[in-house]
Structure formats: C-alpha cells, structure tokens
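Some structures to go through are shown next.
Two complexes follow with subunit A in common, the first pairing it with subunit B and the second with subunit C.
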Partner chain A sequence: MWPVFAVPGVGWLIAFFVVSVYAVMAVAFGSVDPVLRTAVPAWNPAHWDFSAISEVLHRVFGGDLGKVFVRTFWFVAASLAGCIAVGYPVAYYVARKAGRRRGLVLALLVLPFWISYLMRMLAWTNLLQPDGIVNRLLHVLHLQGPPRNWLDGNPQTVIFGLVYGYVPFFILPLYSTLERIDGRLIEAGRDLGASAIQTFLRVTLPLSVPGLMAASVITILPMFGDYYTNTYLTSGSPKTDMVGNQIEHYLLGTTQPQTGASLVLILMAFLFVLMAYYMYTTVRQQRLADR
Partner chain B sequence: MNPFRRRNGRAPVLAMVTWVYILWSILPVLVAVRISFNSGKSRSAFQSMSFRWYWGDKTLSVWHDATLHTAMLNTLQLAALCMLLATPLGVAMAIGLHRWRGKLSNAANGLMLIPIVTPEIVFGVALFLVFTQVYTGVPSGMSRQLIGHITFTMSFVVVIVRGRLAAIGNQYEEAARDLGATRMQAIRLVLLPLLAPAIFASVMVVFATSIDDFVISSFLSTGASTDTVPIKIYSGAKGTSTPALNALASVMLVFTLVAIALAAVAMKRMSRGGGGTDGAARAVGNLASLTG
Partner chain C sequence: MTTSRRDFLARSVQLGVLLGAGAPLLQACGSGGGSSGKQVTKSIADGLKPEAGPLRIFNYDSYVNPDVVKAFEDKYGVKTEVTTFTTDTEALTKLATKAVKADVHHSMSNNSIDRLIAGGIVQPLNKTYLTNLGNINSKFVDPWYDKGGKYSVPYTFFGTGIGYRADRLDAKQVEADGWDTLWKATKFKGQVSVLDDNREALIMAMLRKGLTDVNTVDQKVIDQALADLTELISLVNVKVNINAYKDLPEGTSSIAHTWSSDLINAANGNLPTGVGPEVLGFWHPPAGKYMVTNDSMGVVAGCEHPVLAHLYLNFLLDNDNAEKNFTFVGYLPALKKFTSDYVVSQQLVPPNLANCIPTQDEIDQGLYMKPLGAAGDAIWEAAWSKFTAGG
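And now, the complex of A and B:
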C-alpha cells in the first residue's frame, strides 16, 4: 500500500515535469510553421529533425553563441571563487568557533533566505547608482576620482551580484559538514605536533571536501541558468549576456522557440555531470540514513 | 595573528570576517527599506522621511497604483495556494517513498530529485512550452503559475520530510500497530505528529520559495494582471522607477518576516507537546489509552 502514498506526487511530476522536458525536446527537434513562424513540435521520436539543434551547436562551437557560453563559464567560475573566499571562513567560524553566539550567528546567516532575491538586488541598484552610497564612499576614501556608473554592463558588478546573491546558499551546506567533523581528530592533529595551519590543511580541509563539493554544485547549477541578476545589475546591457539571457531572449523576446529550446537542451547537456553528481550523493546519504 | 588558534578556542580574525559578512549581507537591504521612506523620487539619495510611496502619492504609491497592489495580492495568493497543495503532496510522497522498496521506488526517488538540480530557467522554458503546446486547456495566468510553483517546490518538501522520517525510524509506528491501531490510525495519530516539525519547516520553505520565485512566474505571466512582486521589481530596473518599488519590496519583507516569526512560535508550541523522543513516547501513550 505504500506506493499509493507516492502516486499523486509521482503522477504530478510525470505530468508537469517529465512531459514538460519532453515538450522542450519535441520543440527543439520539431519544425517551424513557414507562415506563422511558430513552433511545430515533433512528438514522435521517429520524426525528430536535428537540423535546428546542429545549427545552434555550430553557433555554440565557434559562432556568436560560443562567446556567450565562455563568458557564462568565467562569470560562474569567478563567482564560485568569490563564494568560497567569503563563505568558507564564515562557515568555518560558525561551525567550529562561534561558541555561545552560534545560535544568533546562524539566525543571521539564514536571514537572507527570507529576503526576496530581487529585493537584495534592488538594494544594490540603489547603492550603485552614479550618485549612490558606493561611489560616495569610494570618493571619501580616495579610492576613486570621478563617480563611476557601475550599472551599465560591468562584468565586475555582475560577478559581485552573483556572489552576493548565492553565497548564503553556499554557506549552509558547508556549515553542516564542518559542524559534523569530529573535534577529536583536529585535537589529535595538534597533539601530534602539527601547527594550527598544518592541522587545518591536512585534517579539517580534506574532511570538509564533501561539503565543499555539495555547496559548490548547489550554487553553480542555478548560477548557470541565472539571467535576472545580470539583466538587473546592468540595466539590460547585452555586453554581459549569459546563456540564460539568450534563452530568455529567444523564447520571450523574439519568437524563435526552436532556438531557445535547443539552447536549453545544450545547457542541460553541459550541466548533466553536476546534476548527476548531486543526485548520486543525495541518494547515497538517504540510503545511509535509512539503514 | 593566527586565525585558527585553538588553545583558548577563539579566532578573532574569523569572527571579524563573519561579522563583516553579516553586515554586508543585511545592511544593503536596510538601506533599501530606508529609501522606501524617501520623500523625493530618487532611489539613491535620501532626502527626508515620508510615507509618500506607501500611500501619500495619489497615483504612484503602493496603495494607489493598482498594478503594484495587484502584484502583491497575486504573490501572496500564489504562495498560500502553493503551500496548501505542495505540502500534502510532498508529505504523502515522502512517506510512500520511504517505505516502498524496489526498482520502481528508486526510479520515483530519482525523478523526485531531478527538479532540485534543474536550473530554474530550464523549468521556466519547459513549463512555458508545455502549456503553449500540450496543456492548452489550463487557463493562462495564475493557474499555470500555481502548477509551476507546486512542481518546483514539492521536491523540497519530500527531501525535508524524508530526512525526518529516517531520523524517527519505524519503531513508534510499529508500537502503535502492536497496540492495535490500524495502519491509517498509526499514521494519523503517531507518524504525523512526529513529522510536525518537518512539515512546518516544509511549509516555510515552500512559502519563501514561492514568494521569491521570479523565473517561473515570469515565463507563465500573461501581463500586468498576473504579474507578481518579483516581476514588478525586475521590470522596474529597466524603466525609470520610483521608491514605490522599495516600498512594495519592504511590505513583502514585513509579511515574510511576520509569517516566519509566527511559524517559529507555533513550532515551539507544538514541539513542546509533540516533538522529540519525549513527545514521541507521549504520542504512543495517547494512542494506547485511546485504543485500550
């Protein structure tokens, strides 16, 4: 009788998730109405036509879209580096050093989850205006001469925004791994004569790798599909377009759903390894917990 | 100074980094809230305190601008409905998947995890295409957005509840069965009270995710009447916007924080009576007196 409990949820996911993803494939491998320019999906795999997606693939490998993919990759890599630089020390402190204040610090770390993502970005568009606080502060500190417009298609602003947006999601999984490390192992390292830094590098850091991986994957995946942070912090400038911007453009901006759907499939193919890794580790943890 | 000093357990440099991070993560939002009280049109320079953008302005304030308060009502309605539908679906699925063994169960479990790792834009596009190509009968606008939000959030519920199920184990339910409860009674009177904290956590996560969602709502929106708050904030970035956007975002922030605080209080109340091993023992005890 247990399957009965799972049936409504499974049925829902099949109807609205599996069928939806299949619809993306049917549109990408279908054709376009010659008059109306609308998508004519091919539901039967026997009729799939791969000419549209191979054209898009040509543009990705060597064409105009290649630049966008490379840019997306660098933006995500730089943002991940930023998340590690900011998130690791914070997670480490809260997990192992905060002592009595841990509850308070944890509550403050969770706070950004309850604040709308776009409101947090809205806040930065206020601060980064030409006459905003950031420019005034930089001027007072003599770090910058004339005020700069940070919001006109600045790659640094986009990377900064991505780090700001995603670092809370990075900290929590890492925190829970660091918190579970057996303190006796760290003490043993010290007692055997290793310095604090050696102990960190050879005991704590290796033990935190699973958490670091989980935290990285869970922030990288949404970052690859992110287009709103970019649009929002660059007033829609195309100079910093990421893959997500192109997908949105082809589906909502113009009527080329076939190109948009092909791009979605290519993006998913790129991310497949990361998605599989996350699912594999989650299932393994579930197994261990159930035992 | 050594940031990883162990002997007295303190790490001043790390503490400083953490507090600077916390300030960095919260101060900008407080500045945005302050700008919502600006008397002028500027979203960067504060002039003087006023409620102009809340209700003072006769055309552009949150109270008077229909598009803004429609967006607010849409967002809250969507989040409430999503909470009511995604949570029971997810809880039932978690119980089912936890007990049900076999190849098909593994497949269902894998299927449940895919939405969690799928970037939202893939979700948005997939739902957009499925509603324009397959489920054309579903009325456009909020019904479609609601289906999208449920599909996106249900898996979170399953994962949270499954974690708790694994921690509880089967013994309480078995005790209830030994005491003569039917399977449904055991679930209703023993398992669900034990799951209460996880269900509460799920409700909060679903609410926060739905209220915050931009991508899915935006792909399934059909214009001003189905815009949500995140869509409004987003589209405000391109055009010339006023601090009314900040006011709108601030009102939503207050709603969310109040909801979270209420939920936390309720959870504390409930866990006093029904959580932990202590509460679990009591739940079985109640059942024994009921059937005995």
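And now, the complex of A and C:
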C-alpha cells in the first residue's frame, strides 16, 4: 500500500527527467534532416550514431572546447566560494541568532524570487554601467579611483552575477540544517571550555556539513548550465564564454543540434561524477549517524 | 539494506517485462522528429473569401509595429496571434516539427529560404491576392533565393557596417580606416562589439583583407578570418552581441559591427533625453564590397488561414503601412518608395544617418550571404564556436 504513494513522484521523475534525458540522447546520437537540417532524433538505440559525440569529446579533451569547460569549472568554484562566504553567515544568523526577527529575515531572503532572474540581471547591467551607482558608491567611499567598466567582459563580473543570482538557493537549505542543530550540543562545547570560535569549528561546522553539501549541490548544478548571466553581464564576451553558451549556440544557432545535445550529455556526465561524490558522502554520514 | 531472493526475482521479472515491452515501442518510434516534407507546388485557388481568423503570425520579437497589426485586424475584422522566435534555426525547427501553428512566417532569412521551400514548410503564393507587388524594389522582385518570387515577398533590407559614437571618434578617420577601425580601437577597450552571427563577423574579417567571396567554404580562408577576428579579443576585449541599437546610444559601446538599421533604431528611439542623433555615425564599404541582407515573408504550407495570410502580406506591401511599420522597427521596407532622399525628407531618418539606407547601386552590387550546404555550414559554425569560446 505505502509504495503506491511513491507513484506520483516516480511518475514525475520518469516524465520530466528520464524521458527528457532520453530525448537529449536521441538527438545527440541521431541525425540531421538532409533538407531542413533540423534534428532527427534516433529513438531506437540500434540506430544510434556516436560520431557527433566523438567529435565533441575530441574537442573537449585537447581541443578548443576544453578551455570552456575549465573556465566554467573555475567560475562555478569561485561562485560557490562566494556563496559560502556570503550565504553561510546569513544562514547562521537567521538560524541561530535572529530570534523574533527570523520570519521577517526569511521573508526578505525569499523576496528576490518574486522577480525573474533575467530582470535581476538586467537591473545589474544598469547598476554596473561606468556612470552607474556602483562606481559612484565606490568613488564616494574612496575604494576606487577612475570609474571602472564592470561590463567590459571580465570574469569577476560573471562570478559576481552568479553569486548574486544563486545565493538565495544556497542560504535556504543551509538555514534548514543549521536550524535543526541541537543547541545543547553547542552549549556542551562551551561548557567544556571551548571558545566561541572553537565551538563553531568543532561542533557547529561539522554538523552543518550535510546542509552545506546540499546547498552546494543545489547551487552549482544550475550554475554549470548557466548562459544568460554571462550573456547579460558581459554582452557575450568570448573571454567569459561558458559551456551553457556553447550549448545555446549549437542548439539555437547552427545546423548541428547533435553537437549541442552531445555537449549537454558530456556536461551531465561530469555533473554525475560530482553528484556521485555527494551521494557517497551523504550515505557515509548517514551510516556514521546510525551507529 | 539486504534483498531477499524473492524480491530479487520479482524485480528481475519486472525489468525483463519492461525491456521486452520497450523494444517494440522503440522500434515503432523509428526516427521521427523534424523531417522534411516535399516541396509544395500548388498555391491556393483564386477568389477565395478570407477566413474568420485568428491570423497566426510567427516573427521575431518587436519586429512588426503592433499598430500596423491592429490596423490589419480592424480592416479585415479578425484577430491576430503573434508567436515569437529568437533565431532563424529555432523558427525553422519549430515549423518543421509543427511545434508552432502559424499562418505567416514573418522573417525568413536568405540562408534558410531554400530549405523552407524544399522542405515543404512554405507554400507558393497566389499573386492574385497580392495587388501591391508593384511596390517592391526591383532587386527583390525576382531574387536569387526565390526565383520568380514564387514563395516569398521581401520584408526589410539592411546593410552591415560600423556604427560608432561620432562624439568619440573622428568620422574622417573611420572613413579612412574602414574595417581596421575595430582593430585600432585599443583606446575603447571593452566598448567594441561584433555581431553575434555565425557568418557576419567572419565575413567582416574577410572583407577587411579585401576578400569578397563571402560564401567561401575554403578552410584556409575561414581559418585566417578566425585568426584575425580572434585578435580583437586581446586587442579590444571585443563583445559579441546584437545590442548596438541600445548600447551605442546609451554610451556603453563606442564602436559596433552592426546592421545599418540598428543605427536608425538607435537614433529614433533609444537616445537619452537631450542627446541628439548627431552623436551617432555609420560607415560601410563602397558598393561591390557592401554586405546587404533582407528578410522575407511567406505563407506556411498547410496553414489554417492562407487567404488571410496572403492579405496580411499584401497589407505590409502597402507603402503607407510599410512606412508606419518602419517608424517602429527601424528596418527599411524593401519597397521602391523608400529611398534615402525620401526617408530623410520625411524625417524618418536623421540626415547624418542617410548612409544607413543602401542606394540602388549598393543593393544591385551588394554581397549576399547564400546557403553553403551542410559541409560548408559546419566549417563556418565550428570557426564561430572557436571564436566565441575565446579563440
């Protein structure tokens, strides 16, 4: 009887994940209509053609696309570090210190979700103009001399955009874990002579690792496929091109959709490796907790 | 968690059944998708009454004046529905897979019209419904991409050149440097852009070196163009977009490889308050070395409202409607009436941007992007991918 309750979830997973991934594989291993040059998916694995993905793998490992993957990896890593630096203190404050203001602060954290991601990025292109408010503020605070062109295609702007766009997704799951930490454990640490910092490092931080991992996964997975942050904040600079931009280029702008679909599969394979590590860590921690 | 022998056997049977049922299902699926049909050779009959609508228009975003569409609705007592696309490839794919129901394909590019015709996506036009055909510019009456104009009528046309801030650059120097203006723009690092198009920017690099075969599939020529274009990344921190129509008037860009109509758009609707159009300038190569492009309209094959679709095309070929449309989209109608002298005299284009309107000589001698075939497209697309990846 109880497994029946899993049917909607499993159905959702099959319809919106398994079928979608299979459709991408069918396009990647399919062909192109000789006249229209649109994708002709090969739904039957017996008809699959791996030449497109072989070509893409050759370009990724040793070709021009390799640097795009490396660049994307570093952007995401730096953005994750930014999300941790900004998001962890916020989540900690809301979970452990906000008290009666917790509800208000949570509402304020969720507020950015009311505005579409694209609108928020467009707003930042305005603020980051050479004569925009950011440069004016930095000048008033004597943190900067002549105005800087933040939108001239530099990686820092892309990283800033990714942190800004995804930090709310980072804070909420982390807050959920920090909020559930038993306060008595923290008290015990202090009672046993640990300083505030030592208690944080030896009690709170280790206990928050599952939340940190979950928040990181929720954040970095969409970041790897992001293409609009770079497009809007750097107006398409080749110096900040990410894997998502190449996927968009091939799927929407060329007659080689199999190449775009192949890039999607390669990116997914890479993300599966990260997910496997996350799942291994989670299972291991669960086993330790069960003992 | 341990698994009992009974559970293992039960699950194995289930998996076996699934695989067994799945194989014939996959067999039946075959190779569906956006496959081409046959070229449609028969148009609709003469003298049919217009349908009740709604007329379904498939177009780029903001590429037709809503007031003109409304005027069409009022004239024929029908409603319209506009569905948008962002790229030519997306439009073709959606029509081929019937993901979109459309009556009018509003913006067919020269690169894809041959495929749209051969693949049975658009149908031949019945010219008895198109009483305004006489308004069309002579170059587009019997165009190279659609002999006899059987499947399309032209919509807009424009050239490709350099848009720039005339208050930051010397117009005479731009005139003297030509395409080199971009390579010499180190003073404007981060404020230089090239068009986000698989071919336009590489063609620009070829034209800079004096090569005019813009439809070459010579790998060496394309590799050299890629190498030249890649220099711009380190020299001027080049950006890749189609935003000149707003970046130039806003001042965030100083030099843009762009379409002539973007400057008209920039001057007519995107300048900050108190800033006149004299801050903008446009340069293009002389006739014979000037890339000219046009978009065309067609009636989708098998559509529900073909008569209305024909009437809509005819409506936009009317000079008054085309002029009204031009004031919104900024892209010049491909009609005889809209010469440089006319649009300037009617104050549709500022005098300093009169050269944004290609002359008849420039149109007749223009360089046109033509279809390259699968292998040719693959070479250009790979080169463009390398450039956008960072060179």
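Keep this in mind: the second predicted complex is superposed on the first by the 243 of 291 C-alpha atoms of A that agree within 3 Å, B and C clash if a C-alpha of one lies under 4 Å from a C-alpha of the other, contacts with A are read in each partner's own complex, and residues count from 1 in each chain.
In this section, a residue touches a chain if its C-beta (ideal position, glycine included) is under 8 Å from a C-beta of that chain, and two chains touch if they have at least 3 such contacts.
It should be emphasised that the depicted structure is a prediction, and the values quoted were computed from it without experimental measurement.
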item	value
Contacts of A:Val264 with subunit B and subunit C, given as first, second, both or neither	first
Subunit B versus subunit C as contact partner of A:Leu185, first or second or both or neither	neither
Touched partner set for A:Leu252, first subunit B, second subunit C, both or neither	both
Subunit B versus subunit C as contact partner of A:Gly236, first or second or both or neither	both
Touching partner for A:Leu205 - first (subunit B), second (subunit C), both, neither	neither
Per-residue contact with subunit A, leading partner among subunit C and subunit B	B
Contacts of A:Gln129 with subunit B and subunit C, given as first, second, both or neither	both
First (subunit B), second (subunit C), both or neither touched by A:Ala39	both
Contacts of A:Phe224 with subunit B and subunit C, given as first, second, both or neither	first
First (subunit B), second (subunit C), both or neither touched by A:Tyr92	first
Set of subunit A residues, in rising order, touched by both subunit B and subunit C	39, 41, 129-130, 231, 235-236, 252, 257
Complex interface listing, subunit A residues touching subunit B	1-10, 12-14, 16-21, 23-24, 26-27, 39, 41, 86, 89-90, 92-94, 97-99, 105, 108-109, 111-127, 129-133, 164, 167-168, 186-187, 190, 196-197, 199-200, 217, 221-222, 224-228, 231-232, 235-236, 244, 247-248, 251-252, 257, 260-261, 264, 267-268, 271, 274-275, 278-279, 282-283, 286, 289-290
Interfacial residue positions of subunit B with respect to subunit A in the complex	2-6, 9-11, 14-15, 17-18, 21-22, 24-26, 28-29, 31-32, 35, 42-45, 89-90, 92-93, 95-100, 104-105, 108-123, 125-130, 133-134, 147-148, 150-151, 154-155, 158-159, 162-163, 166-167, 183, 208, 211-212, 214-215, 219, 229-230, 233-234, 236-238, 245-246, 249, 252-253, 256-257, 260
Interface residues, subunit A side, partner subunit C - complex	30-45, 47, 64-65, 67-68, 71, 129-130, 149, 151-153, 231, 234-239, 241, 245-246, 249-250, 252-257
Subunit A contact footprint on subunit C (complex, rising order)	26-27, 29-36, 86-87, 89-90, 92-93, 96-97, 115, 118-119, 121, 189-191, 193, 196, 198, 233, 237-241, 243, 247, 250, 252, 374, 377-378, 381, 384-391
